[in-house]
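Two complexes, one shared chain (subunit A), two partners (subunit B, subunit C).
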Partner chain A sequence: MINLLPLIRNECLKIIKKKRFYVILLILLILVPMFTYAQMKVAERSQNKFNSDWRLEVQQQITDNQNSLGSDRIPEEWKAYRRIFVQQLQYYLDHDVNPNEPSGVTFTREFLDNSVSLFIPLLIMAVASDLVSGERTTGTIKMLLTRPVKRWKVLFSKMTALLMFVSLIVLSTFLVSYLVSGLFFGYKGFNVPIFTGFQINGDSVDMTAVHAVPQWKYMLMQGGLIWFVSVVVALLAFMVSVLVRSTAASIVVMMAALIAGTILTNMASAWTTAKYLFMVNLGLTGYLAGTPAPIEGMTLSFSLAVLAVWGAVAVIISFAVFTKRDILN
Partner chain B sequence: MNESKWTWRSVSVISIAATLILMAGFIYAVNDIINPVPDAPLTSLPKQTPAFKDGAEDELRIVALGDSLAKGTGDNTGNGFVKRAVTTLSSEGRTVELMGNMGINGQTTAVLQNRINEEGVQYALRQANVILLSIGGNDLFRGSEIAQNGGGTKGQAEAPAPAGETAGPASTPGTGSGAESTGDEELSAEALLAALPEASARLGSILERIAEINPQAHIYYIGLYNPFGDIPDLLVPGNQAVTSWNNAAMDIINRHGNMTLVPTFDLFNRHLDKYLSSDHFHPNGDGYQRMSERIVQAVR
Partner chain C sequence: MSDVKNVGAGAVVLSVEGVRKKIGRKWIIDDVTFDVREGEIFGFLGPNGAGKTTTIRMLVDLIRPSKGQITVCGYNVNRNPEQALQYVGSIVENPEVYTYLTGWENLQHFARMQPGVDEARIAEVVDIVRLDQRIHDKVSTYSLGMRQRLGIAQALLGRPRLLILDEPTNGLDPKGIKELREFIRKLADEGLAVFVSSHLLSEIQLLCDRVAIISKGRVLAVGGVTELVARNSPYVLWELEPFAQSVQILSKRPDITILQLEEVTLDDSVIAGMGERSLITVMDEELIPEIVAILVAAEIEVRAVHKINPTLEQLFLKLTEGETID
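Showing the complex of A and B:
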């Protein structure tokens, strides 16, 4: 009986030695400043236009959205989205809270909202996609399996190491975007109130459950939801890397699924069965912010259930296949 | 080996701590979304913001309010009379600040009446000392249509959603041609005038409400022109209706010291082909330019 801990340790060290994690940090360090700079330019421009008065700016935003509501050229679903958006802005205005108070914390919050369904899953894939298939490509899998260790233990240690790195990736995304954007916008803003609890019925918003939370708490919740999404994506990518022989194929499969997800969320609201696909359910933070779900009938519990089922199935398939399969080369 | 021991330790400790925090956040988030606890109504409701204090005496702070004309629909440059007037005034050496343009396509007096009670609109109005208002065209030229369509759409127009953002009945921008085609059948002076008494009463209450919100500002109401003058059957009834509307507006405005009516009827009469955009309803760039010249003369 060999203890699992040394195996997990071994796998963690392998991930670090392969420099995958440094690549992720590097990507973050290059991309986040770019996003921050773009955001700063936008903020600067609107500050000049609106006399640095956010109320005027929000009011103008409301007016602009109301104007597009009248247009026949805009699809009904988008109109519903804008109606909801207008009502939320109105709520902020009525309570004298600036929804876009520029700060490092606000930037981080918005950046993570935007990256939950594609950017962070891609970073996760960078680690997850070659955990097993990488060993097969290089042939080291034979060495691994000739040791007197049960196969499920090998796979379990890999999976545990992966989940550890999922947490690290989510954490470092938060840290990097906060630290970098703080340079531009300042490091304050943890206590700015953010409204959550908008309940969407059709195209109107039920405000009865709306409550303010300080931004740090909001980010904690956001982090939790992102973590859940990341774990599910990691498990799926892990399964693909068990099933597929080469790392390249494994990355392509996952990437195609994720990108299909973004396309589907943008256009397939008529095809309701799509809501059972995992990639349509990745935008969990939307439920927090009160943005309407891509397909009608999706709620947080629904999305969590769908993701959990996909994740569980991925784990079962990974173990079933890995413990049974002949390793040829 | 020592190095890897150290890496392993820090990685495992940090990742376990991170996992625990993220898990806690996850549970908290799920709980908060599924069983939200509403706040007691916020106590920090906005105070009545005072009129703009700092800023030079002769500084112009402009807010535009109203329908598609205020927005500038039909102007290919997107400027409309608001930005054109701002440009002209600032080129004359005045300090001009455009505080906001709250023109919404298809807005009627009924919708605007509700909208000026919104906090954000009031805030913008209080910051201004020049308020440009353009409203009534949709009441007049679409009011007759609404009356014929029965009470359904009308009820919708008068009872906007809680946030007051329903943009009015079928308030489509650039459907001047649509209004025109339905108008071809029934648009008579009587039909046009049917909507007038109610609508002009609403105009009066809007103007008074704005003056109440910001007593320091001067309100410039942009008079109507007849967009259907190029259709022989509609020339006379249209002119009559627009004139009665403008008279009604003038009647209200003359009773207040801080309001001015900026006439536009003569700018477009018999020049529709030159100054209307392709939808035969809204002015084009040149049309807006002429309107803005009037406004500049009135403001200057």
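Showing the complex of A and C:
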């Protein structure tokens, strides 16, 4: 009887030797400095404009948004979003906390917020999408499945290796963006208070539950949510790679789903049953920051539940198909 | 289905009983039965598309048969793959290994997937297939022949009792083919049961002890290669002058049948060497000297007499009644 540990070791070894993880690190090392630089330019400009007084800057943002509320050309959904945004900014102003305090930590927090629904899933697909389909494309699946090992064990070892690498990818995204942006903005900022707990009802914000948490704590919560999203995306990509024979097709299917999610999120609200789709539920960190959900009725626990169900179904389908299917070519 | 008594007398290692496979609405494999014994090389012969690869995939649990059962050393391959497959080493179609790993890493990878294979055993199989010079290079730099050898090393890792090779000579040069043949024979002499599929009739004839002939998903015959071949009388090719007169003489003999050129399938090398007015007969080879004497007495110039050994191809054509090969 073959133990699972050597099998998991095999799978990790293959992922490393295929240099997928290096590619991901390379992408991060190229893109993060670009984002950091852009962010620095933005900070510089506003500093010149407001003479380093962040209160003036926030006040200006509030005024701008309020002005646009009067315009007829702006759709109603956007106005609702802006009303909420104005209320949040006002809250920060009232409590004398700079929401945009430039620091490596703040940059990392914002970067992670922005990358949770597309960028990180994309990095994960680089590993997940060819775990099974790659073996079928090259034909090595035949060698793998003709060894005296039950098929579920082979698949389980792949899935375990995948989850390990997903965790590693999330961690390295955090580390790279912190280390790189720290070069520009400094490495401090872990104790800056961040407000969370905004309850959104229609187009007003319920502030009763709002409380400040130090940024490091906020980022731990954020990291947990991002990890959860990443695991679900990884399991779905893994399922697609079990179902589809070619890696290219597997990547296209997942990309299409993710991009459809971004488009649907922007179209928002009108089609409410879309909230059961996994791809519109990926922006979990938005609930922490108090960004309005793309579709009414979505809450943090709702999104967590939807993602959990999708993930579980993906696992069931992967195992059911992989253990039964004839390998015809 | 005809059966000729077995040549090898070892224990049955692989037993295939009434295996059938339906894909979609079609029975791809329709009743395949045979045994492979210890120490013998068993050929699995059939044209492309006859169901050879599908059958092989069923032997190693890549495909589940719809009916029938396959046992290796007493274990059902589909129900107890963990027990059954530890006795099997196989290469299904091409020896596909991980090209981004070195040969050694590939072997380590597969060693972790079976019990009782340590580094010493890996070094041993590397030595057996003589890959020691290049074993630490990436497989992507290997030639086809080297990949083939790495595939065999991988198959031998777990000290199998049954070795399954699917078209093993594909892509090898004549020297490589000869080496492989000797190598397989050596393994069989050490007691391994070897199962080899091929669409090349000469290949099976040169390599195998027993053969199963498969066409359209059915096994047409199972038997010793020599016995199956012995069922066919050889062709004798004549070049005689004058032609008409010689036809007359030969056709008078009841023990000689003259064949029309269209009815026979011959190797290209034979056809290339044939004159335009060649005669092909089926007859006992013992009769040749007698017939030559008769022809000479009748003042016919005997320019060439050429005995063509019967091939499995002839047998195959007889069994399938003219279904084309390839």
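Keep in mind that, in the parts below, the second predicted complex is superposed on the first by the 328 of 329 C-alpha atoms of A that agree within 3 Å, B and C clash if a C-alpha of one lies under 4 Å from a C-alpha of the other, contacts with A are read in each partner's own complex, and residues count from 1 in each chain.
FYI, contacts are C-beta pairs under 8 Å (C-beta built on N, C-alpha and C of every residue); 3 or more make two chains touch, one makes a residue touch a chain.
Please read these numbers as outputs of a predicted model, since none were measured by experiment.
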item: First (subunit B), second (subunit C), both or neither touched by A:R55; value: first
item: Partner chain in contact with A:L13 - subunit B first, subunit C second, else both or neither; value: both
item: Touching partner for A:R45 - first (subunit B), second (subunit C), both, neither; value: neither
item: Subunit B versus subunit C as contact partner of A:L220, first or second or both or neither; value: first
item: Touching partner for A:V170 - first (subunit B), second (subunit C), both, neither; value: first
item: Which partner reaches more residues of subunit A (counting touched residues only), subunit B or subunit C; value: B
item: Residues of subunit A that lie at the interface with subunit B and also at the interface with subunit C; value: 9, 13
item: Partner subunit A, residues of subunit B touching it in the complex; value: 4, 7-8, 11-12, 14-16, 18-19, 21-30, 32-34, 36-39, 42, 44-46, 71, 97, 99-106, 118-121, 123-124, 127, 161-163, 165, 167-168, 171-173, 175
item: In the complex, subunit A residues that touch subunit C; value: 1-2, 6-7, 9-10, 13-14, 17-19, 138-140, 142-150, 326-328
item: Subunit C to subunit A touching residues, read off their complex; value: 23, 54, 57, 60-64, 81-86, 88, 90, 92-94, 96-101, 105, 109-110, 112-115, 154, 158
item: For the subunit A and subunit B complex, residues of the former touching the latter; value: 9, 12-13, 16, 50-51, 53, 55-56, 58-60, 62-63, 66-67, 69-72, 83, 86-87, 90, 93-96, 163-165, 167-168, 170-171, 196-197, 199, 204, 208-213, 217, 220-228, 287-288, 300-301, 304
